[in-house]
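Two complexes follow with chain A in common, the first pairing it with chain B and the second with chain C.
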Partner chain A sequence: MIHVNYVAAAALFCVGLYAVLTRRNLLRMVMGLSLMESSTYLLLVSMAYRRGSTAPVLLDPPPGKTASQLAAGNVADPVLQNFCITAVVIGVAVTAVFLAVVVRIAQHHRTLDADEVRAMGG
Partner chain B sequence: MVGAVLSLGFLAVLVVALLGLPGDRAPLPAVARQALEMSLPVWHSTEPVNVVVYGVRGFDTFGETFLLLAAVVGVILLARTREPRAGFVGEEEAAGPEQRAEDPGAEGHQEATGQGGEGNEEGTARTAERAEQTGDGGRREAPLTPDDEPLGTPAPERAQGMSVVVRGGIRTAAPLLAVMGLYLVAWGYSPGGGFPGGAVLLGVVLLVYAALGYGAISRVIRPGLLEPLELAGALAICALGLVGLAVAGAFWANWLPVAPAQTIRSGGIVQAFSVAELVEVSTGLTLAVFGLLGMRHDWTPDPDDGDGDGNGNGDNHRGGSGGGR
Partner chain C sequence: MFWVLDFACLAVILGAAVMVVRLRTLTGAVVALSAVGTVLTLLFVVLGAPDVAHAEVAVGAIALPVLFLVAIGKIRTVVEPDQVGEPSVDYPPDPGRTDPTRRPRGTGAGEPEGSGG
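Now for the complex of A and B:
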């Protein structure tokens, strides 16, 4: 039942959203953003899945199946798996920049509390 | 409270929307079917995901790569110190020129004793101080590599020595992992896989760093080498696309001869793109991670020092010791 995965991805996203909205510690906000990113990976991989499907590799189809059958639809969606790779790389890049900013804020203001950091108007 | 309400409301909207998505019995979308059908006859590759990443949607991968490059540049800019430095984690490198201008005797007592006069006095004082430090055993000089650490003694705090089991294990595992990362790129089911290969190489570097310290990798992992390498990878990706535009009439059109499937050169441009991506991703991730690890000094002086020489800095927004506003 793949819809369970969809609901889990939505719940994970909202846990991350809740952390970003309510935490005052900047590191926890970055962790919330990472949770939101992870939920998109789960959603994309789940959307790529088909019942009884194999990996989208055309070498050696499973017994009883031909390569043309694979192309006709009994594999996972390669385009959505590609989207997942893209999302992972972008998530890594965004997290790296956020962490660098948080370290500088911590050095500059001697605090990680978002409410005390007024210089950015936040 | 407001956050919880907003999150739960958004969760409800998301669940309603996601439950409307096609389930696991829906037919593959037309885009996916086209990618599966063209990967073997057109690109001679048995792996449609690679064909999508580096072939059909090469422009998207280009954008993603340059987003990563932009993020790495951002991290380097944010992590930059005022002082020029050759390595990432060089404590003795930071503020080196200022220190030398301030205190020439710090270069080492041999030079200082050669200079004579004031330097000589200072040099002998320094030697005496050093002998005292090594004598009490509390703060001795760190050895060149953690392997020179005598067993059974508390390691100096600067380089906490790993046990010989960890070091030996990682000495064995790191080359195997590095070969595996390169194998991922050169030869999986079919060529391709620059992103995971780059991530594996970063893992190898971090393993060696964690076990043997920065001294073991400081010859290779330094900004002066990695930054040009990363830009060379990015340039190679651009050049691949531009040659395709000139020769085959489209950005990232295949212009290399396509070898038969399941050989190391199958996929034509896909393999070259993947190798350039490996260079770019592995160096970029390493630069970002070591930039963050080596972040040491703020641009503004510490107001708690109380020296008074930097308190007039307008960048310093922190008012008073309480900081409450």
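Now for the complex of A and C:
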């Protein structure tokens, strides 16, 4: 059943890619990149989930369990969740850089249309 | 119950993502992007990742829309109003782009060439 999440992440990535490839407004392209980032978060957290698992916020192992049992047991994988937090923080910084570049392009070329910004086309 | 919440969140996320692409106004697309982040937060809580949900609600629902709206506000002063506000930005190709009778940017009427920069 968790495979539905993977398919949804792939669909979200495709929607973002469609926005990047077909829109001419530079801000729409940045929004498409944000959607692709969101699909990455969804994929990572879905991969961290195990059947019937809870959040990996524990002071001690539950009664009758050892820590090694817990590593393969019924908590979600904290390593992939850490990857996801790192991706979230980096993603907002990258989006801020993209938007700064778009604002500079708009101030320089007086347009947001990617077809009219010839300096980017080479 | 778990899968009901999971699938409902996925459906709302995909719907909001399609709205990001399809909405004609740029501000509406930003709000749809914020909706994607918010519902993704709910999905993270359902999937047992409350710390990721905390980071995502601060970033996806607050910081990202604020960044986009500030960028739109800054761009709005230097480009033509139909590129950031009203429709006819993306497709179809705007036939009025080279029309000399079209209003120059801002509220000035009449003159085909804007008065200076």
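Quick notes on this structure:
To be clear about the criterion, the second predicted complex is superposed on the first by the 109 of 122 C-alpha atoms of A that agree within 3 Å, B and C clash if a C-alpha of one lies under 4 Å from a C-alpha of the other, contacts with A are read in each partner's own complex, and residues count from 1 in each chain.
The rule is simple: a contact is a pair of C-beta atoms (placed from the backbone, for glycine too) under 8 Å apart; a residue touches a chain by one contact, two chains touch by 3 or more.
Bear in mind the structure is a predicted one, so any value in this text is a computation, not a measurement.
Of the two partner chains, chain B and chain C are each touched by A:V103. When both complexes are overlaid on chain A, the residue A:T111 reaches chain B and chain C alike. Of the two partner chains, chain C is the only one touched by A:R24; chain B is not.
Once the two complexes are overlaid on the shared chain, A:G91 sits against chain C while remaining clear of chain B. Of the two partner chains placed by superposition, A:L33 touches none, neither chain B nor chain C.
Looking at the shared chain after the overlay, A:L42 reaches chain C, while chain B stays out of its contact range. Contacts of chain A with chain B, set against its contacts with chain C after fitting on chain A, overlap at residues 1, 11, 15, 18, 22, 49, 56-57, 75, 81, 85, 88-89, 92, 96, 99-100, 103, 107, 110-111. Residues 3, 6-7, 10, 13-14, 17-18, 20-21, 26, 29-30, 33, 36-37, 40, 43-44, 47-52, 55-56, 59-60, 63-64, 67-68, 70-72, 74-75, 78-80, 83-84, 89-91 of chain C touch chain A in their complex.
Residue ranges on chain A touching chain B, taken from their complex, read 1-3, 6-7, 9-11, 13-15, 17-18, 21-22, 43, 47, 49-51, 56-59, 67, 70-73, 75, 77-82, 85-86, 88-90, 92-94, 96-97, 99-101, 103-104, 107-111, 116, 118-119. Those residues of chain A lying in contact with chain C across their complex are 1, 4-5, 8, 11-12, 15-16, 18-19, 22-25, 27-28, 30-32, 34-35, 38, 41-42, 45-46, 48-49, 53-57, 75-76, 81, 84-85, 88-89, 91-92, 95-96, 99-100, 102-103, 106-107, 110-113. Residue ranges on chain B touching chain A, taken from their complex, read 2-4, 6-8, 10-11, 14-15, 18-19, 21, 23-29, 31-33, 35-37, 39-40, 46-49, 51-53, 57, 60-61, 64-65, 67-68, 70-72, 74-75, 78-79, 189-190, 195, 262, 281, 285, 288-289, 291-292, 295, 297-300, 304, 315-318, 323-325.
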